[in-house]
Amino acid sequence: MSWETVIGLEVHVQLKTRSKMFCGCSTAFGDPPNTNVCPVCLGLPGALPVPNAEAIRLATRAAIALGAAVHPASVFARKNYFYPDLPKGYQITQFDQPLSTGGEVVFDSPERGRIACSITRLHVEEDAGKSLHDRYPGKTAIDLNRAGVPLAEIVSGADLRSPAEARSYLTALKQILMYAGVSDCSMEKGSLRVDANLSVRRPGAEQLGTKTEIKNMNSFANVERALEAERLRQVALLDSGGRVDQVTLLFNAATGQVRPSRSKEESHDYRYFPDPDLPPLVLASRWIDEQGAALPELPEARRGRLIAMYGLSTYHAQELTLERSVADYFESVVGAGADPKAAAGWVLGDVMAGYNADGHFAVGPEQLAELIGAIGDGTVSHQAAKQVFVALKGDVTMTSPRALAVTLGLVQVQDSTALERWVDEVLAAFPSEVLRFRGGETKLLGFFVGQVMRRSGGKADPKGVQPVLQAKLGNQD
Amino acid sequence: MNAVATIANAVGSGRTSAASAAREVTRLLADADARGLNATLHWSATQVAREAEEVDGRIRAGAADLPLAGVPVALKDNIVTTEAPTTCGSRILERYVSPFEATVVTRLRAAGALIAAKTNLDEFAMGSSTEHSAFGRVRHPMDPDLVPGGSSGGSAALVAAGVVPAALGSETGGSVRQPASFCGIVGVKPTYGRVSRYGLVAFGSSLDCISVFGRSVDDAARVLAVISGLDSHDATTVDAPLPPAAAEARPLAGLRIGLPREYLPDDLHPGVRAGVDRAIARLRALGAIVVPVSLPHTAYAVPTYYVLAPAEAASNLARYDGARYGSRKTGTAGDLRGLYRATRGQGFGPEVRRRILVGTYVLSAGYYDAYYRKAQQVRNLLAADFSRAFREDRVDLLLTPTTPTPAFRAGEKTADPVAMYLADIFVCGASLAGLPAMSLPAGRSDGLPVGVQLIAPAFGETRMLQAAAALEAVLRGDEEVR
Amino acid sequence: MSIGSKDVLHVAALAELDVPASELQALVEQLGRIVDYVAQLNAVPAGEQAAPFLAGPHAAPLREDEIRPAPLARGPDAIAPEFRDGLFLVPRLGAMEDE
């Protein structure tokens, strides 16, 4: 008998603000410990929180980008628990009246094709500090620089049916949040974190099985691994007549296994209540509408438009929209007059090869468009264009690619005297290949073309080279 | 010690100096300590002198508008200052010196006031007698066997003893009005949101109000005017500073005063009742119209308070865990949980522990709806009672006794927490409704002060203070009422 | 009596408060008295949907996103019971370790 897996995800993303959620301390990552702290985020007696407008704006943007309803009034609540990196003994979050509810993420499931995963809620809250357990023997060390950093928590419905699907959802969600410009979504820097709930049940069963919560997953790949490990654990338990207990589990990336957390059940009675230090968060509906209007085109819509407007393949559209800046760059190149399909090839090839390393585009979109144009009108060969592109990357003067091609001597040569000279030199250099060609190995033609191109330093027009070669190779003397 | 206006005028005009006011208050503080009032927790002659020197310097440099020039003001020791410890009357903060200053302190200093002393209080402001301080109980200035009321008993005792003309206390459920009544002075609680709580150590955040004691209405009003107004550090403040001349007596003719019948039970202490009767008679004589009104949910004010305040307190006091500041006690297990439990178990006194436990209980799984949510709903009904009286009965102010009895004996109510809570039966309502209210002396019963309470609509302090000033002029608070 | 020693120990654990065995019985009685006293609220007809009371302003003011920390007159090292290399130190977490 088979089992159906049911997964829901809770994703925390750090909202891209300069200052913390409830105080004026910097959110900078990597500063010396306990230097970005003040009475509020240290939880000193008498300190009070005041919410950050930008955090609210970004969370609202995120909610609208996910198609959620943003509520005109929401309430900050206290989640009470003791932990040394939680300075006040409670976290300010939202509970029964969150900033927004509803919404969905549409994405391609590896198993089920195009599906939508519902979003239950999105709320704003403050982060805790950082506990370092391994620095001093017998001690836990606390850094409160992170304490009070603004987060949005995005809770999905239990709509995901496999670990791989959970990973695809996360990829799509991250893409939307990056497009909306609300978060860096970097798991390494801790600006995106994932907790998961997983249960299994018989296919067709209406009731959900007992779920477990899985934490401590530090990459999307590890989310998938952890969920797979937990899925197998639950199935094995049930198949052997056992029972799943509702527990919190921690993933160990080194072993690929999950193990139960040692926290006690009683610590999960969080005693939520409205934070009396903070009046309700009231947002004017006009302001909410403005945030929606200010959103950029989101990945899903943009993919559709790239296919419809430029006749791109689904694959190219997919790849170009992975990051908003790449899609923007592509459209700028096309806007500067480049052929869209050629531009897609260039952007996904030579442009991205350099982009991933340093995060910015070394060649301006107008330059690339001009270069693509120069290939189109035969001024430079594709191979020469690649050399021009490399030269453009190192050039800060924003030289015209056509001018640079001239300077580098890469303008395509169609002059037959020059072509014939290069062909003659190549044939002279490879006498045995000439014999083999003449003996019927006609596929060697490509080899000769390549050698001519190399000899010409990329300047020869390959379309002109072929007839010359064929003529000379056909000539038996 | 002279009145606030007298000192401020004399110092501001250069007729005398802040330094001389500092010397006088230092002498009076030493006397009060010598008498064993136990009203102060920290004060330093050097520090007051330093502050006075600074004020005198500003005046010499031409600072003209210092409404509290050279006026010594005492602070309840749950208001943070950077020079002296802020202990909240608790072992858990015994040596804690705040790295930041409360907004009210900054405002007092800007107005030229001298921070004279930090005063004793019930631990974390939880109590009605100032017997629950880790540093010993405060004595009533008129009889050391009596309590001065609480939780702001130290501030009340210092003002009543004439050491300072005014002092700050804090109210969560009557902790300024009740001791003001017991000590025969004026105590004013502003509208919730009028005065910044930034730097007031939180007890019940939705109720906490920094409040003012004065020997006269004018003393209290002048200090209140300085500390009120919007503060960008406190999201619950409102942009409503109090005008400086709030306490100018105005004719009372035509003013409608409501007398809530629930505040005058048959078993009310006869002296207290006599005080109220005298106030009614004086008000009528001045042309005010006194009408009976009803606040039907009054009986539920104390139980509502004792759900909400402990719930908020349990959360507010979670930060005292020995990890980042304050006292630390290591448990026998040597682990973190042991440290938490030992630090908190030994650092908090019995009343604070009780309230943390009650507050945790009413918020815990399965009880939230029955206690916390219910209390919030009843709180709304209590507030609606007041609105109805002000709107439908068209009364401008309410008049009630401040306390059911005059000051009681030390130890009298410590055995039964609920009996102690009932000492606040007349003051809890206005706190829960967030309304401004004040106590002023109405006379003496067997030599002990009794107070009457005025309650005004939200942000109606000016009218309340004006009426109080007019009433004060004719009440003769130091006379026997019977 | 609405509260037993089990309830008191449960909330004491939630509140991280030591309750010495010698004080338990007295606490059970005091808390029971308080809880019984406040339970009279259940008799108040408030309506299921009655709104909770809100003190103070009806909308939270929002702060501009500027780096402007409130200054500290003395650093964390001056107030911390144990502080080393810029870090607050506490004993190892024991049972709370892996959260």
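By written order: A, B and C. Residues from 1 in each chain.
Operating definition for what follows: a contact is a pair of C-beta atoms (placed from the backbone, for glycine too) under 8 Å apart; a residue touches a chain by one contact, two chains touch by 3 or more.
Computed from a predicted structure; not experimentally measured.
The most centrally placed chain, judged by C-alpha centroids, is C. Between A-C and B-C, more contacting C-beta pairs join the chains of B-C. Per-chain Cα centroids separate chain A from chain B by 56 Å. Here the CA centre of chain A is 40 Å from the CA centre of chain C. Averaged C-alpha coordinates give centres for chain B and chain C that are 23 Å from one another. In chain C, the residues that reach two or more other chains under the touch definition are 10, 14, 16, 52, 55-57, 60-61, 63, 70-72, 76, 88, 90-93, 95-96. Shared interface positions of chain B, i.e. residues touching 2 or more other chains, are given as 96, 98-100, 206, 232-233, 235-236, 314, 318, 321, 323-325, 336, 340, 360, 364. Residue positions of chain A touching 2 or more other chains, listed in rising order: 39, 42, 47, 50-51, 82, 84, 140, 142, 144, 269, 271, 276, 278-279.
For chain A in complex with chain B, the residues that touch the partner chain are 39, 42-51, 78, 80, 82, 84, 87-90, 140, 142, 144, 269, 271-273, 275-279. If you check the complex, the residues on chain C that touch chain A are 10, 13-14, 16, 52, 54-72, 76, 84-93, 95-99.
Across the complex, chain C is touched by residues 17-19, 23-26, 32-40, 42, 47, 50-56, 76, 82-84, 131-133, 135-136, 138-144, 216, 250, 261-264, 266-267, 269, 271, 274, 276, 278-282 of chain A. Within the complex, the chain C residues that touch chain B are 3, 7-8, 10-12, 14-20, 27, 30-31, 33-35, 37-42, 44, 46-47, 50-53, 55-57, 60-61, 63, 70-76, 78-82, 88, 90-96.
Across the complex, chain C is touched by residues 82, 96-101, 192-193, 206-207, 232-233, 235-238, 297, 300, 303-304, 306-307, 314, 318, 321-328, 330-331, 333-342, 344-346, 348, 353-354, 356-358, 360-362, 364, 370-371, 373-383, 416-418, 421, 432-434 of chain B.
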